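In what comes next, chain A is part of two complexes: it sits with chain B in the first one and with chain C in the second one.
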Partner chain A sequence: MTRPNTQVMNRAALTKRILGKLHKREAVVGGIGNSNWDLWAAAPSRPENFYMLGSMGLAAPIALGVALAQPERRVLALEGDGSLLMQLGCLSTIAAQAPRNLIIVVWDNAIYQITGGQPTPAAQSGTDWVAIARASGIAKSHWAADEAEFDTLIETALTTDGPHLIAARIDSEPGRHQTDRDPVRFAQAFTRAMALPIG
Partner chain B sequence: MSHSTVETAPDAQADWPDGIYALLKQYSIRQVALVPDAGHSRLIKRCLGDNELRVVTLTTEEEGIALMQGAWLGGERSVMLMQSSGVGNCINMLSLSSIHRTPMPMIVTMRGDFGEFNPAQVAMGQATQAVLEAMGTLVHRADRPEDVLPTVEASLKLAFNTFRPTATLIGQRVLGAKTFGKD
Partner chain C sequence: MTTAAPSHWPGEILAAFKAQDVRLVPYVPDNVLRPLIAAIEADPHFTAFPCAREEEAIGIAAGAVMSGMRAACLMQTSGFATLPNALASLVCAFQLPVVMVVSERGTLGEFNPGQAIVCRTMRPILDSMGIEHHTLTRLDECGFQADRALRQAFATRWPACLILSPLLTARPQ
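Let's turn to the complex of A and B:
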């Protein structure tokens, strides 16, 4: 599957679909802006969610640190395409570490949504995230053609060895809710949740 | 002057890198994030030879701040090893440590410092301590070999007991300002 052959989906809806499949206290790191706003909207009180308020581009590297510390737990990073573009090298780092339990989800709307919808360079150049991830050494990288395939890819990623990367084209609907702005609470709740055994 | 193929590697006789390795073990470090620097080469070798340490070689120091954040959230302690030039790469990301109260000890080998030969290193080398402090990092310098271990230990204690970014700057006076063999 290549990017142009995939359906344009909705981030809030896909985020809810992911959370509906999490039953083992999986960790979820929401990238800055709309990625974590929709994560918040889907499950604001879920302590295994970690919401980034800044540090654009670091959702996957933060998730890597969690994944290495918690090898028995699945760890997901939900990251926007513009953010990932800022930190592409992390795909090589992740491939080199090869954490079996790490899943990167890329929301591709080809814009910097939170700053007014300006197109990213990737939009203009036709950059293909899955091709980059595979070429970086993350072999299990796939575009989701539609919601049904997205579900299947998430289920596969939750039950088979990774690292996995799943890319989904999404529309430009803004995040449904904004997160609280209490980073100490986010960290404390998440850390406590990580000390509990997986379900 | 002897010719050297590495930039500022410490004297082969210097044993402080082994002492830092012992401190990492003593303080229960499990993840070591690094962008290689010649000044850390002996310590990196020790870490790579230890199956209980996960060495994560980064593509940029920004990733290391994230890794330390994630490790801590996941219940493990970590450090970052880097050269002073790399400090400039991760300044914005240090906000993670401040807002989440995350221990982030950094062990920094200096360039642009004492007897530097490369003009490109001087600006960041001279600014390293100032920019770290501007982002709320507690910084301590070691400019004599015998100061390295107490300084690293103090920085580890400060990071893990007071939940903040800390940095040990190991001066070029300790590392030796070697050259590419040109002068």
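Let's turn to the complex of A and C:
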């Protein structure tokens, strides 16, 4: 299996589509750089967003921790392909714990965009994220063929038992707005938001 | 290989976890930690499971502690040595009370030269980030140290590291 010939979409646009579907104080963990910059661009003051800094590859593990602590809350990780590649073992950990409320979204631009656009080894080799996720034990893993299917996959993931993984091919546009660099405030706001009941 | 002396240090650590309401215990296994992992996994108070990598355990603990579930990550010295980036850019930068329990290899009779060198990096790394660490050496003190270190970590929202010395885990008590 290789990366399928799905439509190339845009991370900022897809992130907005995700945020438009969140009405129950779902937690969203943005991965390093562009993933959280576009999350910031979509909803900067949303306290249920967690904007990670330099711990490349840890968006999905952080989201797993939230999901295990709060099984009733839906939790999304938005992660770049290079970042996921750095921490692939977490897919097995997630599959083993099988949190029903966890959703991983993989932004596949085939490059390390933020560091200069170098191709990832996964892109050079034709690595298929969905095949890897399924082989790791996350059965509900899908490529989004286009925006309409992306919407459907997110809606299904928000309303049915997971864990879910959704991969989207995206263009090489950088993130729209850099986040504030205020990690202590982000952690405190997120912690307070997680103490509130889901909507 | 060192074999754990028949002592009750795992019970002391487990009791401190419970007293401080630690519930989540992601770990990468180590032979010295075996009786602690077994005791925690046998106790329904805890959710404990192996991770592929120590950084993952730190990420999981960070997410959990921000969501109201206290966590402690178990690992060996060499696993700790993979962590400086995650500790600096996640745990310290966001001021998260993530607790680590590290079984100390590389000292007091180590046979593996690599482990011995790795061991020497651990305390300088912790000190460089201002992460409080306590080396647990005595059965009669380890419960108190663990309890107080965890209490302080959660109260001051700052990480802490408990180092399990062979003096505790291998010395006949």
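In the analysis below, the second predicted complex is superposed on the first by the 197 of 199 C-alpha atoms of A that agree within 3 Å, B and C clash if a C-alpha of one lies under 4 Å from a C-alpha of the other, contacts with A are read in each partner's own complex, and residues count from 1 in each chain.
By our rule, contacts are C-beta pairs under 8 Å (C-beta built on N, C-alpha and C of every residue); 3 or more make two chains touch, one makes a residue touch a chain.
Small disclaimer: the values here were computed from a predicted structure and weren't measured.
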Using the overlay on chain A, decide if chain B and chain C clash or can fit next to each other. clash
Looking at A:L58 after the superposition, I want to know if it touches chain B, chain C, both of them or none. Which is it: first, second, both, neither? both
One more residue to check, A:C90. First (chain B), second (chain C), both or neither? both
Common ground on chain A, meaning residues reached by chain C in one complex and by chain B in the other: 27, 29, 50, 53-55, 57-58, 61-70, 87, 89-90, 92-93, 96-97, 183-184, 186-187, 190-191, 194-195
Listed in rising order, the residues of chain A that touch chain B in the complex are 27, 29, 50, 53-55, 57-58, 61-70, 87, 89-90, 92-93, 96-97, 183-184, 186-187, 190-191, 194-195
Touching residues of chain A toward chain C in the complex: what are they? 27, 29, 50, 52-70, 73, 87, 89-90, 92-93, 96-97, 183-184, 186-187, 190-191, 194-195
What residues on chain C touch chain A, complex-wise? 24, 47, 49-53, 55-69, 71, 85-86, 88-90, 93-96
Given the complex with chain A, which residues does chain B contribute to the contact? 30-31, 54, 56-60, 62-63, 65-76, 78, 92-93, 95-96, 99-102
